[in-house]
Amino acid sequence: MPAIQLLFIAGLTAVLAGVVGFAAVVLASAARSGGGPHVTSGFLRRFARPGRERAELHRWAFYLHRITGFAIFAFLCLHILDVSTYALSPALYDELHGLYATAPMRVFEAGLLVAILFHTLNGLRLVAVDVADMGIDASRRALVAVAALTVVLGAAGGAVIVAPAFA
Amino acid sequence: MAMAAFETIDTDVAVIGSGGAGLMCVLHAAAADPSLDITVVSKGAVGRSGCTRMVQGGFNAALDPDDSPELHFDDTLKGGAYLNDQELAWTLVCDAPKVISELETVAGCFFDRRPDGRIFQKPFAGQSFDRTVHRGDLTGIEIMGRLRDQMFRLGPRELEDARALDLILDSSGELAGVSVLDVRTGAVALLRARVVVLATGGAATMYRIAAPAREKTGDGVAMCMRAGLELRDMEMLQFHPTGLLAGESRLTGAVLEEGLRGAGAYLRNAEGERYMERYDPERMERSTRDVVSRAGYLEIMEGRGTPEGGVLIDISHLGIEEVERRFPGMVQRTRQIGADLARGPVPVSPTAHFHMGGAIIDRDCQTSIAGLLVAGEDAGGTHGANRLGGNGVAESTVFGARAGDRAAVIARERDLREPDHGQLGRSVERAFAPLGRDSGASPFELTRALKEVMWDGCGVVRDGERLRAAAETIDDLAERVRTVAVPGPAEVNYAWQEALDVRNQLDVARAVVVSALSREESRGAHHRTDFPERDDERWLRYVVVGLDSDGELQSSSRPVALERRRLASKA
Amino acid sequence: MAEVEQATVSVRVARSDAGAETTFEVERFEPMTVLDLLLAIQREQDLSIAFRFSCRVGMCGTCTVRVDGRAALACTTPVERDVRDVRLEPMAGLPVVRDLIVDMAPFWDEWARVTPYLVPRAGLDEPAVIEPDSEERRRIDPSLDCITCGACYSSCGVSASGRDFLGPAALTRAMVLVADSRDAARDERLRAVGQSDGVDRCRYIYGCSAVCPKGLDPAGAIRALRRWRLGGGP
């Protein structure tokens, strides 16, 4: 494997490790703060009831928003580097970017798409909260819509991205 | 257990208690003289302990042009069966409108309005005019929340979670200050003060079924007693007729508000009978608290109670929506115990609510000890034999304010005194004794026993025999309290705090029982089956109790001064 | 889960002393609140357990703990019949004094920073004439009745994780005063809440509005302040 590809894989591994680490920090600090990720039977029982209890979804959206935000940013940093290889040598660029067509990389890209979708849609929801003065229930419904759209668009887009690798 | 070396804090005005009386006192003292050094000592959280916080019904004040302090005064005396100290009652009714105005314009409270934007006043039992000011059914939160906010403006020294133990005198018997125990650290401090204002809010928790907040264990009254002050009307303990029955739960005793009866709720016994017909056919359920409480108690005692030992309150005939709209807090409270006020009857029982008795004060809250003021529920006399709903928070804020004004004046005149260290040492030693013992009675058991004996022996309906038996049991408990043992450290030890509470409660309980024994008639909240009639010939007198120099409790009685109103018609 | 009635409840309590008992089997009775559980433990099993309460009817706001992770008033939280175990912890984001008791000082520090008391406008000598269904009161009334229990603070992902943030309770108080026509300090307050640790720190988690035992909506108050800050007032 060419050195440049190895370098990229190392970078990507660092990005993924960073994301996992960041997620761990977020969830650990969440466990200390109120409502945190306590998946106990009592919590699940309450969560099963409709109404205000489900507002906890917002908290999870907040964690996910931060984690996806970090992931997108971290990948973007790597991506800027890998694209800038073009300035050094187009051949080097081509060599490196051959990686993007491989199956594992396509799966990663599909994941990236889901992260971007969630982050974008959820970001729009947060803007809407202020613009449309959305209360706890309206915002929760919007959040459900964000989740649904993320899943649907993510699945469709993911299929398009991943399919060529298996064609 | 070794006691930590203690710190001395010097202050101009020491306010003990942070309920309505305590914080109004701070507000007024600071306004009268901003340079004063003021210290608030509060056993519970500042502004978030005590009963003023729990006021639901509202605040009586003659605001309407068609109403007058005169009318309010007459209602108050009639409610109090003419046992009131008329000077205090008159002060109450005259100052109440001023205090309402002050709460709105200075403290920033906002009470419910009429459609035209002026303060709305609702009817309340025993009143000839609709004069009760309120904010929904959370009036106390509005008043105490805003008074607590004022503390951020005024910045008194706050000793939160600090229990006043004893009044400390100097070697010549003059007031020097208070010993204070920090509940969090277990450290003791001596608070030296030019003026001490006691506002710890009465002792009505000493009954099996009781409404007040947990801090109200008669600390202030017991401190006064131990310092040699005389107390009046100690037998006059008000029971609210509709306390929730929730079995073992601490919710038992929580008040279902008076407004329910005002709105037309029925009271029934287990046989389905509207029993008030037998006790007060004219006013029925809307009769005064003492009458309705007694009726409920007798029904229960005579075996017509529900299995839970209560009677039933039922307002569901107004319709679910109406009840939910008008009494949201009450509906929620009953749903919490698996009943539902909006849909059917709820078991209730009389519940110990308010202590009319307390220290003897003048209209500026002064006692016979120079520099010691007492305000709020700790003081006696304003309400006589029975308090009107809505006069309690009025009393605590009106007299708290007056105490503040007066304290500012006295603070300029009085010097700090050097405390008698022997007395201080004894106060601290007594407090720490339970921590040092390895084995002995559990404080929680003693509290339970006291609550039982007071309920059975000195409750809604009394008689000589049971009172005497109660007195004996209380003596026994007082012996046992001397052997109480509590494990653990001095820091944040609530079992220890309970031991200190029950000691004070026992002191006060004894005063209640002795006073009840000596009043051989029935009047207001005090009802004796062996003397069932009111006897104005012999008993237009108030009972006074106090410790003599040997520490024995002595009782006597004095005629009520009828300086403003002679006895009108019999209430 | 089937509605099985439990004879005992297993209670796990976060204790601050190393070695203190943390799990208790409490015999249940009906009706029962979380406060009843704690009182039963204190009375029958461990005198030294530390927790706070005063009124036991949801008015004083001093009994707040986290029940299965979520801030609630112990006295108004029922232990439902089918509950087998309960986990109790002190509120989040506040220093623990002992066991379930926390030091509320950080909460009050934030509260104090919004000038929480009315600054009466000139000439306010007697109770103002304000109609109950006026715009102003409709804004304020649902946000009164705060019992400063700190549940919102504990449930706020920002406050409870120790960031500089005025927090939901103080901001609700600020909103009430900004909307109050009797008050003369509107501009200062709007400035205070507009700073970097003010309304913009809110992360839209709605933890506050979800847990408020009095049913207030601090998140709504924060949104209102965000709007008013730009428009100079309501």
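Chains: A, B and C, in written order; residue numbering restarts at 1 for each.
By our rule, a residue touches a chain if its C-beta (ideal position, glycine included) is under 8 Å from a C-beta of that chain, and two chains touch if they have at least 3 such contacts.
As the structure is a computational prediction, the values presented were derived from the model and not from experiment.
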{"item": "Chain contact graph, described as a line, ring, star, complete graph or other shape", "value": "line"}
{"item": "By mean Cα position, the chain sitting nearest the middle", "value": "C"}
{"item": "Centre distance in Å when subunit B and subunit C are each reduced to the mean of their C-alpha atoms", "value": "27"}
{"item": "Rounded Å distance, subunit A centre to subunit C centre (Cα mean)", "value": "33"}
{"item": "Between subunit A and subunit B, centroid-to-centroid distance (C-alpha), Å", "value": "60"}
{"item": "Two or more partner chains touched - positions in subunit B", "value": "none"}
{"item": "Interface hub residues of subunit A, defined as touching at least two other chains", "value": "none"}
{"item": "Interfacial residue positions of subunit C with respect to subunit B in the complex", "value": "29-33, 35-36, 39, 42-43, 47-48, 50-57, 59-62, 75-76, 78, 97-99, 101, 104, 111-112, 115-118, 120, 124-134, 137, 140, 144-148, 173, 177, 180, 182-183"}
{"item": "In the complex with subunit C, residue positions of subunit A that touch it", "value": "29-30, 32-36, 38, 40-43, 45-46, 52-53, 55-56, 58-59, 62, 126, 129-130, 133, 135-136, 139-140"}
{"item": "In the complex, subunit B residues that touch subunit C", "value": "44-45, 48-50, 53-54, 100-101, 104-108, 110-120, 135-136, 138, 140-142, 145-146, 148-150, 152-153, 184, 213-215, 246-251, 254, 333, 336-338, 442, 444, 486-489, 491-495"}
{"item": "Subunit C residues within the subunit A interface of the complex", "value": "1, 66-71, 83-87, 91-93, 154-157, 160-161, 203-207, 209-211, 217, 219-220, 223, 226-227"}
